């Protein structure tokens, strides 16, 4: 098992053992991510964050991760990124990142961009989200958070809630949860069910998720509720949208029958799908989850750069 | 008197003693800000500069301050910042800064945003300007500059000139000047007089400023002329604007009867309110003032982060 | 020969000896630029990259150069830069960079902006391209690449190809090649010939370049082919453009009669003027050339900041 020089494009590129190893390394990074301990293991290194669409949390948590380990960052984002997408080929742009840095995080609107970039770079490429494709570091921080809460992922009951059709996050996460032996509950309205491709990946791992259309029925049974946003644009009929969005909104009323130690996760940013009143309950783990993006990305950077084994 | 972990939202949150202490610490930072001496007291720290409207000098002087002390910076600004303002709640955005950094500078178009941010962050929040509200680090660097020029603030005669109604800078500064015992001269056209709220703050400190509508009359009497821009948009009648703006424009002719050691300040950027010919006179202290933004912000960062007492 | 505190505005400000000295220092920077060796000679320094028009390679290679030597960077670019161009004077903006950093790279849409900036800054100003004017660090990295390939510049046959009229890059480069004793071949369509001013500079050095309108004829004779883009906007007639652009496009067919060790350079980004199939040939040196931007800019920064003699 070696990570030195590898790319991180899809969570499916990694074995169960490799995933656990990343989580273990991330565990050790937590005090450094909090600024309680100091490390300069990446002081000789430059991270290129090339963001061709906005993703503030992903970008800033990678940059924070790099700085916590005394590394440096060069960045393209915003308008500059957008105009690059229109101009030269992605291959040439990535060769530039390759020449000026030691490791590259790419966020791109087109599915498959991560894999393409990895082909043209000698340095490790980390997929920071490519359109409807993959976002593996999000999945790793989701798994890390579940393990922090319960000490394990295996055997945990995890509800994936909301838009399971278009929500990239849940496609990668469901695969990883199945690989690590969690039990998956799919909770979505009929028109936003998990697509066949993702269901096939689960079947390939011998996993058959439970399914429900009512969040209230599922909450009492599970350890983790993973919320995602249902976007208005998916519906032709705005009253239909309003009715359904309400059913998939988390609030304190919904939580009445939850287990005491049940945790709510969300990739953030949220809009209306979790009421702010929930933030005050012990179930609200989504801000902790956002923080865990830092130690998990520290672990990934250190492993791919070969400074940690 | 402790600064460790505190927020800096309004100059009115600080006592006279605390303000002087910040200025004293800033004094010691000057050679480091000039690059003549080295310090790495913030090497373990990350500053988040979250700018939801542009303010290039404020942002860059904070970033320079952080780097001079070997700290790191993560940043949101430009279009990315603007789109965030429209999307998730400020509370959630600030929690992100809180998770990824050790100290936060917020610039925001809405009055009260600084105070709101401080409520949702565990880490110190510095108000880098919130709409018509406060901009306390600007006030501190203004005070620092006056003290550098004259060795003290108490008893100095300071003219605040131009737009005293909408100019946020002069509201905070007038309060601080009164607190520190300076004598204030207000010089503004009738429609741009200091608002009642700010006058009440001065009265609360037992201070009654002098007032004039003619800059020429005031210049010979004062030690400091603090210029601000009169904006065309404030006037219905463009000829009225042109006539008034001319009266509140500083040029060498205006300076004929000034005291030899009188200094001119300006928060910058300037447009036409100070003629470039003034730059060559010994009265021009506005570029020095801009530089002093660095040592003052170094002091603030070091104090709030608890590495300096 | 001293570089400490000097500006770098035009390649014509430097003597042959000075150019060679920069290339020698750059040579020593290569292993550090690759991350194979470590240096912290700029750890106390701040670079301000003020980009008032986009130039991603120039900006990122300067930032990478600074980080490789453990220096820090503050930056204006994108929309923020654009709005600054419209607001305060360049003189005032540059004074801000001067106050907050130790060395300044300026990219600006207007010819002469670099020279103007240098007048108003105490710190060294590096011209990162000013409109139709100069871009001296590009020229230095071009020269460095030729010397890396052949061990020398003197006596080499260099074809400058494409748009020699509007292409800023080739104006500076042709001067420097003549100064260093290379033989220049100009290869351009009639309407895109090298302007009189640049021809006069060459004549002033006693150099008379060869000229041709056919790339195929020139390729077998030269050691270096320096490609530039022919822009559609330069032509009234789109069919004329298409016909000419094709004649000035590099592909493997064109390379049949090239010398074995001939190298192709390009300032990048490219669009269609070099076919991607050429990337796989040993002639393709343009990506190496882009990388050499880092060690060359490291040398320039270290020399102007006086940490290297």
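Letters A, B and C mark the chains in the order given here, with residues in each chain numbered from 1 onward.
Keep in mind that, in the parts below, a contact is a pair of C-beta atoms (placed from the backbone, for glycine too) under 8 Å apart; a residue touches a chain by one contact, two chains touch by 3 or more.
Quick caveat, the model's predicted, so the values are computed rather than measured.
Asks: Rotation angle, subunit A onto subunit C: superpose the C-alpha atoms of these two copies and give the value as a multiple of 5 degrees.
Replies: Subunit A sits rotated relative to subunit C by 120 degrees.
Asks: Which is it for copies subunit B and subunit C: same residues on both faces, with over half shared, or different residues?
Replies: different
Asks: Based only on mean CA positions, could you tell me how far subunit B sits from subunit C in angstrom?
Replies: It comes to 40 Å between the two C-alpha centres.
Asks: Which residues belonging to subunit A are in contact with no fewer than two other chains?
Replies: Residues 78-79 of subunit A touch two or more partner chains.
Asks: In the complex of these two chains, what residues of subunit A are touching subunit C?
Replies: These residues of subunit A touch subunit C: 44-46, 48, 72, 74, 76, 78-80, 83-84, 87-89, 91-93, 95-96, 99-102.
Asks: Which residues, counting only subunit C, touch subunit A once they are in their complex?
Replies: 35, 38, 54, 56-57, 60-61, 63-64, 67-68, 77-79, 268-271, 276, 287, 290-291, 293-294
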